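Supplied in structure tokens, the structure appears directly below.
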Amino acid sequence: MQYSSSSSSKKVEELVPKYDLFIQKHLFPIEKEIIYGSFKSNLPRLQALREIAKKEGLFAPHLSLHEGGLGLELMEFARISEVLGKSPLGHYIFNCQAPDIGNMELLHQFANEMLKEKYLVPLQRGDIRSCFAMTEPNNAGSNPVHLSTRATLEGNEYVINGHKWFTSSADGANFTIVMAITDPDNPNPYQRASMLLVPLDNPGYQLVRNIPIMGDIGDDYMSHGEVTFTNCRVPSSYLIGKEGQGFALAQERLGPGRIHHCMRWIGICERALDLMCRRALDRELDPGKPLSSQQTIQNWIAESAADIKASRLLVLETAYQIQHFGAKSAKEDISTIKFFVSGVMMKIIDRAIQVHGALGITDDTVLSFWYRHERGAKIYDGPDEVHKSVLARRILKSYSKP
Amino acid sequence: MQYSSSSSSKKVEELVPKYDLFIQKHLFPIEKEIIYGSFKSNLPRLQALREIAKKEGLFAPHLSLHEGGLGLELMEFARISEVLGKSPLGHYIFNCQAPDIGNMELLHQFANEMLKEKYLVPLQRGDIRSCFAMTEPNNAGSNPVHLSTRATLEGNEYVINGHKWFTSSADGANFTIVMAITDPDNPNPYQRASMLLVPLDNPGYQLVRNIPIMGDIGDDYMSHGEVTFTNCRVPSSYLIGKEGQGFALAQERLGPGRIHHCMRWIGICERALDLMCRRALDRELDPGKPLSSQQTIQNWIAESAADIKASRLLVLETAYQIQHFGAKSAKEDISTIKFFVSGVMMKIIDRAIQVHGALGITDDTVLSFWYRHERGAKIYDGPDEVHKSVLARRILKSYSKP
Amino acid sequence: MQYSSSSSSKKVEELVPKYDLFIQKHLFPIEKEIIYGSFKSNLPRLQALREIAKKEGLFAPHLSLHEGGLGLELMEFARISEVLGKSPLGHYIFNCQAPDIGNMELLHQFANEMLKEKYLVPLQRGDIRSCFAMTEPNNAGSNPVHLSTRATLEGNEYVINGHKWFTSSADGANFTIVMAITDPDNPNPYQRASMLLVPLDNPGYQLVRNIPIMGDIGDDYMSHGEVTFTNCRVPSSYLIGKEGQGFALAQERLGPGRIHHCMRWIGICERALDLMCRRALDRELDPGKPLSSQQTIQNWIAESAADIKASRLLVLETAYQIQHFGAKSAKEDISTIKFFVSGVMMKIIDRAIQVHGALGITDDTVLSFWYRHERGAKIYDGPDEVHKSVLARRILKSYSKP
Amino acid sequence: MQYSSSSSSKKVEELVPKYDLFIQKHLFPIEKEIIYGSFKSNLPRLQALREIAKKEGLFAPHLSLHEGGLGLELMEFARISEVLGKSPLGHYIFNCQAPDIGNMELLHQFANEMLKEKYLVPLQRGDIRSCFAMTEPNNAGSNPVHLSTRATLEGNEYVINGHKWFTSSADGANFTIVMAITDPDNPNPYQRASMLLVPLDNPGYQLVRNIPIMGDIGDDYMSHGEVTFTNCRVPSSYLIGKEGQGFALAQERLGPGRIHHCMRWIGICERALDLMCRRALDRELDPGKPLSSQQTIQNWIAESAADIKASRLLVLETAYQIQHFGAKSAKEDISTIKFFVSGVMMKIIDRAIQVHGALGITDDTVLSFWYRHERGAKIYDGPDEVHKSVLARRILKSYSKP
């Protein structure tokens, strides 16, 4: 392993305060109303903010200049992503939210021109939204080899049948990318699946329900769909990449995706720590004796700050690795940041709640949202336990050199 | 400190399986519908279950025989309370739910005959519900000396003014007991407050809102009210105990209350462990290889079982202490179980969620309810940190004997 | 599982302060000199203390009255064992130290009269010491099926060959009990081994070295031997129990042995907590501001006290179970206390060291001894990890009822 | 805070494998013999190794080229320090061991030419050793304001009186630097102390004892002295820096010193992880089933690797900060790495021991040495708890900007 640069670019250092100001000015005041209310009914308001973002030249920072973005490299975007993470609306406003950002990357690299024209371009502009249908209720998500959804080529159409859930943001999306088995008998289980783009006005597709998650059914972008594909037909040209490349593409999608998630989580940690400090300074146990005078609270602040810093360095180091040597070379690091940062985040959110006392469990702060909706961080994209085993086995393998 | 008996009575050992059967048969199948739906609209259904409980001679186990209960002692009731805790509806169905049970104990011991006749009797029968207004939004809950609510005697009426929140189950309640300062200038800050019973049809009382807690506004019994008292007048006979006894009564109420809570929490732990085991056995990583074969999961199961057992013994020991020597003698123990068991519970709920994977964060199991609504356990009745300091200071004090 | 009695007997409650006084008066003042010096050269001094113990009627509390003991039941002795644990010399002085106490129990139950007369009687009197040779350097201690030591019957003699280590207290012992394979081809691996008594003046036996443990080679009772048996011959009458019963007897020995160890560990915890409190009160950060005013220290004190109490209740409950229903019925509980209490102990010792600052890592307190010599508690008698798996698998098994 | 570069220099990347090879070849085979034996009697052997180091151009990597070193910058040396940390003898052999390296830095910057000529030059060459006398038995080490040692100017001599301990490596040292109060009445407590160089053949100096630490009295370099100064006279020219600068110099010394320690700790972590992996692969639970197949062990390996990586990044980031902006600007970071890395190290050493089973607590591996002798890492240079409070208070202070 080699320690890596930072030399955080001048460009990004100039951008950071701009994004910071934007979210403080435009998002902090309204975020609670939206995350605890209806997303759909707030769409006009959110659209108005996107227009401001565009006007200020901050929209879609992850895209290249000619795609209308800021042309940031992975490490640079990572720094921005951290800032955006401080608000639950941050990434959405700037059109770099999951799962759309992952889909943009995928289509950009692997879709044919027709699909790019029809779906990628409006997605990059923020005119439409998308989703990603991979996890299945009947198969352990941690083992991607077990998929039941099938796509069979009939003439020049794929016929898709299957049942998915945790298809985040399906409600209101324009299309999904679906992972389906196309070659069930391939002796290599990692070459059995493919990715297909499915427009959601397709009659074979159904959004069964928005799954109630931790007390929220949610709607529109802020929802997690259970969906079915029943003899759902798409042209064979809607294949992304090649047949059998499903897992390879999913891996490709995961690498930078993990960076995005982790930096967003770090943003959450920073905001939670900020709320913790403010509350500790404001709340008095006795007149003149704020909560912040308590050593236990000081311990939490110090340990949180240390863990945040360690997390940031780990993620940026991994971003550096991916950016310079490719996601494959960073596989261990990608597993590491997954479990390290998710653990740090949940601990810090929990401490922030505790410092807030009764207020902390109400929906009067943003903490309740994260406590509930980021709990999944230790589960999705492979539970932490799987990533630990992956990492350990790779380390152990290094001893068996002949 | 002395180790205590158990000799779990024959009586209670015969009752345990009856309660267990009842909740499995009647509550497990419907609980999710109610806790994730509207409590109010389910009242008829809940009432019907209470009738069954009465018919089976299981209603109000904590009351004496002549009050229509089962005449259990504290340690006996503790065992039942653990069983009831396995369902979020358990205590409610048998009319031994907080805050009503605490109010029953309080009125039973300290109310005059008029109040008993008018409020205690229907409360014991389950005909009405009640609440308890103590915590204030503007004062740290952990220091009960800081109260702003005032009750001033004018003629033979108290005039109450103040602002409270976390008045649990205020919505739909018939009356509240309110803690208010009656003697602000008393040099002993612990003798400044009194407790008053306030019927909730009083025009000076207002339920401002049900506070949204972790995504749920809730309703009726399952809600937490923010309430105001504005020139709210009650007859002086609505005083409970004597003027200035507010804190003493609150302490009195807390002792057995802590036992009830802690045993309920242990019930939650048991159910969570049970769900964890079932899921681990059912979910396959590969055909024939269930999750339960994973050592990490086994560690969680073992550590949870050990912690549950330790918790149960600690709480029963404390119940023994209270039952035989009074709550005062058990002050250290009561602080101990508060932070010990709340910590165990949150850890076990979290593990159970992790074992369920994506399902664990949905509202398709009861775990999401507890993850969200029991988070307060580390905060209410004094945050864990305060109880640790209390305990430590008492231990340290024992060294300063002359 | 059922919660159990205590009703700590009157007898034992009268004994506890006597033992407490003894160790405070006689052992605390000299213990450091002995544990950090040479045990052997202090034997006369230790013998003198044993004589006092005998005179005061406190010697060998675990033995029956007619054997010269106090006739305590397991739960009663457990309480005494906790007190003795406060000094590293406690159990030794009263002749109830491991491994001798385990050997006494074993011989008492399973040895023939000749062996009892010749070895048990002087052992009970404290005239000789013994050891127990089971663990082997080349086989994982956690799986007792893997033993290489063989005992072959030739005529009326067993010929033993093998290599053992962690034969505690071999140095200066009069005899050992050795676990050896007598029936290697038995299809049931648990019936392959037997236990044999070997007098240590046997020419086939050799104490290779006292193993340096955490900086101490040690000597006499305070040592851990590496020993070999080379064509070591003992009469067939030196068999304990029957051929093939080795594992069964080892299990039998472990049950109460675990109680003894765990209660001793709790004694250590109590002493460490006591030292922690005293140091926190004495050491000033600033004039008039003792360490004990620090909330972090208070947290450690409170959490330690809670964990000690939980440990004691768990162990006494297990002792109750063994005493009334046999060790077999308590198998889960025995695994539970092993990992629960060892974890608690190491945590508390570590905290006590931290509170002592630089002094804590010197040999000027007893903490360094325990930090080093009790680290093995998480390893011997099966590492904690094995006990967790055992417990989890038994819990999971209970779900597979047909 | 800003994320920093690495761009680990080419120079250091070429050096790392050389040092790695050296310690594997020369130190691993002999280190146990020396650390568990007598350091003094091994001095010739160690000297021989130093000669090899010199011949290979690896000696004193921290010194400038013209001082006979390799002219590495702080971040570069940090990388080397990690490698050296893998053996308890690493730093010593290359003459960059604490406390000498800190004294070299101090004298280099603040001593007059006479002192440099007489003491720094032979120290840099490895011809003599030195020590540093700061901590006092009667004052909490965490508060450097409380010092009792006095140095009074009489004519052109300072007369020193005081009692110090944890003067590491005093045994066999040529001189010490002592921290003493020279201006007790200065209103600013941080300007009361000064640093003086005291040659140890001074009749007023006495090495009272080598303090037994965790079972080892130790000797020569591997020892921790308790020392006294009784009317100990040194010329006033033996003052380092100016009068009253004691604390300032101590702080100056601590910054890079923390980097050295932390990188050494990381080296220890790496070696412990390496031993853990090797043992896990070698030790079989059943034939063909190594310990490494156990998920708990895999968790430990993965978590250790993640923590090591996080630690390394944190320390290198801090080194970058110090190197480019000075120790003062990195005060928070220096506190952070102190408690973060010490915690990580003790956890990893403990896990490595557990994986080794009974072997882990013997002195047959290097783990016992570190378990015992690195426990102080959480205590010296200010206990972790103090550093947490320092960090928290600085964070909280940033909120009070007007």
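Letters A, B, C and D name the chains as they come in the text, with residue numbers starting at 1 for each one.
FYI, a contact is a pair of C-beta atoms (placed from the backbone, for glycine too) under 8 Å apart; a residue touches a chain by one contact, two chains touch by 3 or more.
Chain labels with UniProt names: A, B, C, D = Acyl-CoA dehydrogenase.
No experiment lies behind these values; they were computed from the predicted model shown.
J.: Taking each chain's centre as the mean of its C-alpha atoms, which one ends up farthest from the centre of chain B (Acyl-CoA dehydrogenase)?
T.: Chain centre farthest from chain B (Acyl-CoA dehydrogenase)'s centre: D.
J.: Weigh A-D against B-D on C-beta contact pairs and write down the one with more.
T.: Between B-D and A-D, contacts are more numerous in A-D.
J.: Which integer distance in Å separates the CA centroid of chain B (Acyl-CoA dehydrogenase) from that of chain D (Acyl-CoA dehydrogenase)?
T.: Once rounded, the distance between the two centres reads 53 Å.
J.: Take the average of all CA coordinates in chain A (Acyl-CoA dehydrogenase), do the same for chain D (Acyl-CoA dehydrogenase), and state the distance between these two points in whole angstrom.
T.: 42
J.: Please output the residue numbers of chain D (Acyl-CoA dehydrogenase) that touch at least 2 other chains, ranges allowed.
T.: Only 294-296, 299, 385 qualify.
J.: Which stretch or stretches of chain B (Acyl-CoA dehydrogenase) touch chain A (Acyl-CoA dehydrogenase) in the complex?
T.: 36, 135, 137, 140-143, 146, 165-166, 211-216, 283-286, 291, 294, 296, 353-354, 357-364, 368, 371-372, 375-376, 378-380, 383-385
J.: Can you check the complex and tell me which residues of chain D (Acyl-CoA dehydrogenase) touch chain B (Acyl-CoA dehydrogenase)?
T.: Within the complex, chain D (Acyl-CoA dehydrogenase) touches chain B (Acyl-CoA dehydrogenase) at residues 294-296, 299.
J.: Provide the residue numbers of chain D (Acyl-CoA dehydrogenase) that touch chain A (Acyl-CoA dehydrogenase) in the complex, in ascending order.
T.: 1-8, 13, 79, 277-278, 280-281, 292, 295, 297-299, 301-303, 305-306, 309-314, 316-317, 332-333, 335-336, 339-340, 385, 387-389, 391-393, 395-396, 399-400
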